[in-house]
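One chain, chain A, links the two complexes that follow: it is found with chain B in the first and with chain C in the second.
Entry: the complex of A and B
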């Protein structure tokens, strides 16, 4: 993982700041950094989004392809996640260096969507047992400055919001064979319901308190963090403890409480922003990635 | 390749028919309306009712330390090698030792046959195991060294990760690796308003596809019992947040139930090791 080396004096400085609810960049303990979200940034995809959170920059592209439903769940489509750690972000990711981090993020994303309410996968089914849509969600880490998971989950939600899947008409011929006809009208498309898609909140334990959205320096001071995926209703779809330390049970309860509050507060502005951007349509001025 | 047209060729990939039979035929998991009703194996819902556990140390004689554990039909075997010289020399942080975990299901351990190649589920479990065990070990005592923990699941009947954590920490004790505390694991399946502690495989996977109601999910907790610290926490599914806290509490209670059994097994193993030749093992 992209990490920084900081000295003891710096650690003490950061920890004292956190104790007094004032972090090195002036935020309080449960504040996020400034965030920028833009959808439809890559024209070749069916849906894409770019999220910039501080210096963390993430690009997500979604491609819909037709596939066979999984034999055990014949009436649902499915999502495939792939996280690519670009060596542009940090030289450590060169070659296979980023593989471990990538698979860790993608497995968290799989878990986050592994329940019935996150996304209506039945909408992705075309013909049960035969055809369904498979959404390939490709995450590209362009710059890493801490808190990759939160930024990734927001980018995935925004990209799913902007995803447009062409409608498919199924007709049956006389011999019972099915014929699929994909609409070529770009406006005749299906949208996904992303209301219930959860967002991840990472809480890092620093000293006796915990902070939201830790920067790399702050992450270096933290022994253990808790990842919580929260839906807009406040339901928890995934919890993980990460890092080498252990946590006090009381602080776990406090952290879930904070995670739920912060997560719920994250959803409403994000949806509003996405809808506003949608209304602007073609008049919107595009910024593009790394912009 | 020439195709023999007189034969009916089998499909390219085939599935075991048993997979399509629901694990619980209109199962007992659907008795949410009567939460007082007992589980299939007679245990109580919403109570700290773990399966009886059998634990032994030192079965793999070649390894530095090993442990074997059974809980109901779940059977886990763990061997610990090391501390020995670290394989990775490029690691910047050489002041502390490394903990390397490997987690595998035997191909015959699950209802569906697995392969020997490590799948993503096993890699996730290995990662979770590493993070749960790490806080219990005094790795700073082993600079430039690595400790290897290998877990093999012989039979999968639910709560595998939790029992793997317990078994691995027993094997680490048996290997004489310095530790702050034991690490005990306990799993829970939340089913509506009630919970099932230490679920079997049927309880773990049942209900997921058939029940639309909310608050379904699984929680696994790893606990350092005498320090009272939680070293690992994994939750999936969709849970209300108050049930997350309740589930963590119940799992911690479940870990404490396990503690005396594990301790007795460790004392027995230590006695057997220390026994002078010819002395009887009866204690």
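Entry: the complex of A and C
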């Protein structure tokens, strides 16, 4: 994990600030940093998004490829996650340094999408038992400034929203063999229903309180944090505890409640933004990476 | 709770308030001059008789010497610079300090003030208890004592104004944004103090009351700081980040003006792009009026 070194007095300052509900950047305990979301930033993917949250910067690209459905669930497609920690983000990620963090994030993403209500995977099936779409979701961490998971989940949701999968026409020939024809019209495509895709809220316990969207400095003060994936209806699809410290049951309950409240409120502005961007369409000047 | 999401905005060309003469800006590879009568300074190289820039920044000319002052750089220390740094290692008779320069700086045991008077012999016990004075992760303010031939800095804290830093907030900006001044320690009128390190590390802390000199600066109070002081410090922090984002030189007046123009906004809103722009524009205007 990307970490920063801070001294005892700085820690005390941050902890007292959290106690007074005034964090070092002036936010209250349940405020997010200002976020920037843009979709369709990588042209050679089927869907992509970039999310900036403070100095945290995450790029997600989605490629759809045809594959075989899993034998146990023959009428569904599936998602594959891969998280790449760029050494640009922090020198710690050089070589294999980022692997551990990467697999931690991707396993959380797998868990978050494991339940059936997150995404309708049946839509990804083409011919049961034979062909389905496999969505390869590649996450690239460009800069780390804390709260990677929340930003990643928002970016994944935005990228899924922007994903366009070409329609496939299945025709049967005389001998009963199936022939697949992929439409080459870029407008003849299928979109995913992303309303129910959850977003992750990370709650870090600092002192006796907990904060959302912790910066690196704040994360250094926190002994344990709780990761909650919440849908727009407030359903929790995944809960996980990270960090070496312990949490008492009462505070877990409190944190889950906050997480649900905050997570629920996260979806509306995101969907509004994505729809707004879609309406603007090609008229909007892309910002991309140099803006 | 507040969630603010938006589309990234294309960066606008900020109307320049620049004085009569335009600044000579270059990017790496730009030919500065083909005249052979000039001397090659920092940030330049000779490419087939042509003086070429090796960094992006502003061309500075002193008589026959041409340098390029880079906009974004590591800290190139000079003797007498005030720096804020973080201890990274405790070694034999020295501390290694991270000061945003290319190499870690050193702080020798012989160039710090130890509790119990300035003119005290450093004994073996002092060597053994170095970690009690400063340990890994601690922040210090110091002055550059000398520069080694490889560019590494040697620091000293042999004055009561330097030493270990207590509670406060560190802000990191580009070193080229900190204006060189007579003093880099300021007690701002708004109720907080600031150390503008030449290395781009800026320390914000509540204005201390009377100092007890007995501890020699190694005692740090862990008493809670009042909410009012915290608000001022958080506001200053966001103001400095706003100024840095718009590449405004940082010194006591610019920080104070920015603080004052940020007053109508909530602290957490200062970092929103449109608010940031508004505040920085107002600050620039006031600074210009003051000069003119």
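FYI, the second predicted complex is superposed on the first by the 289 of 291 C-alpha atoms of A that agree within 3 Å, B and C clash if a C-alpha of one lies under 4 Å from a C-alpha of the other, contacts with A are read in each partner's own complex, and residues count from 1 in each chain.
Here is the rule we use: a contact is a pair of C-beta atoms (placed from the backbone, for glycine too) under 8 Å apart; a residue touches a chain by one contact, two chains touch by 3 or more.
All of these numbers come straight from a predicted model, not from anything done at the bench.
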- Query: So, on chain A, is it clash or fit between chain B and chain C?
  - Reply: fit
- Query: Does chain B (first) or chain C (second) touch A:247, or do both, or does neither?
  - Reply: first
- Task: Could you tell me the angle at the CA centre of chain A between the CA centres of chain B and chain C, given to the nearest 10 degrees?
- Result: 110
- For A:9, is the partner it touches chain B (first), chain C (second), both, or none of the two (neither)? second
- Message: Once chain A of both complexes is superposed, is A:256 in touch with chain B (first), chain C (second), both, or neither?
- Response: first
- Message: Between chain B and chain C, whom does A:236 touch in the aligned arrangement: first, second, both, or neither?
- Response: first
- Note on the structure: In the overlay, chain B and chain C get no closer at Cα level (Å) than 10
- Item | Footprint of chain A on chain C - complex, ascending | 1-11, 86, 88, 136-139, 165-170, 220, 222, 224-225, 227, 230-231, 233-235, 237-238, 266-268, 270-273
- Where on chain B is chain A touching in the complex? 15, 19-20, 120, 123-124, 127, 131, 134-136, 208-209, 212, 214, 216-217, 219, 224, 227-241, 244-245, 248-249, 252
- Listed in rising order, the residues of chain A that touch chain B in the complex are 71-73, 103-104, 107, 111, 114-118, 224, 226, 231, 234-249, 252-253, 256-257, 260
- Query: So in the complex, which bits of chain A are touching chain C?
  - Reply: 5-10, 12-13, 16-17, 19-20, 22-28, 30-38, 52, 212, 261-262, 265-266, 269-270, 273, 276-277, 284-285, 287, 291
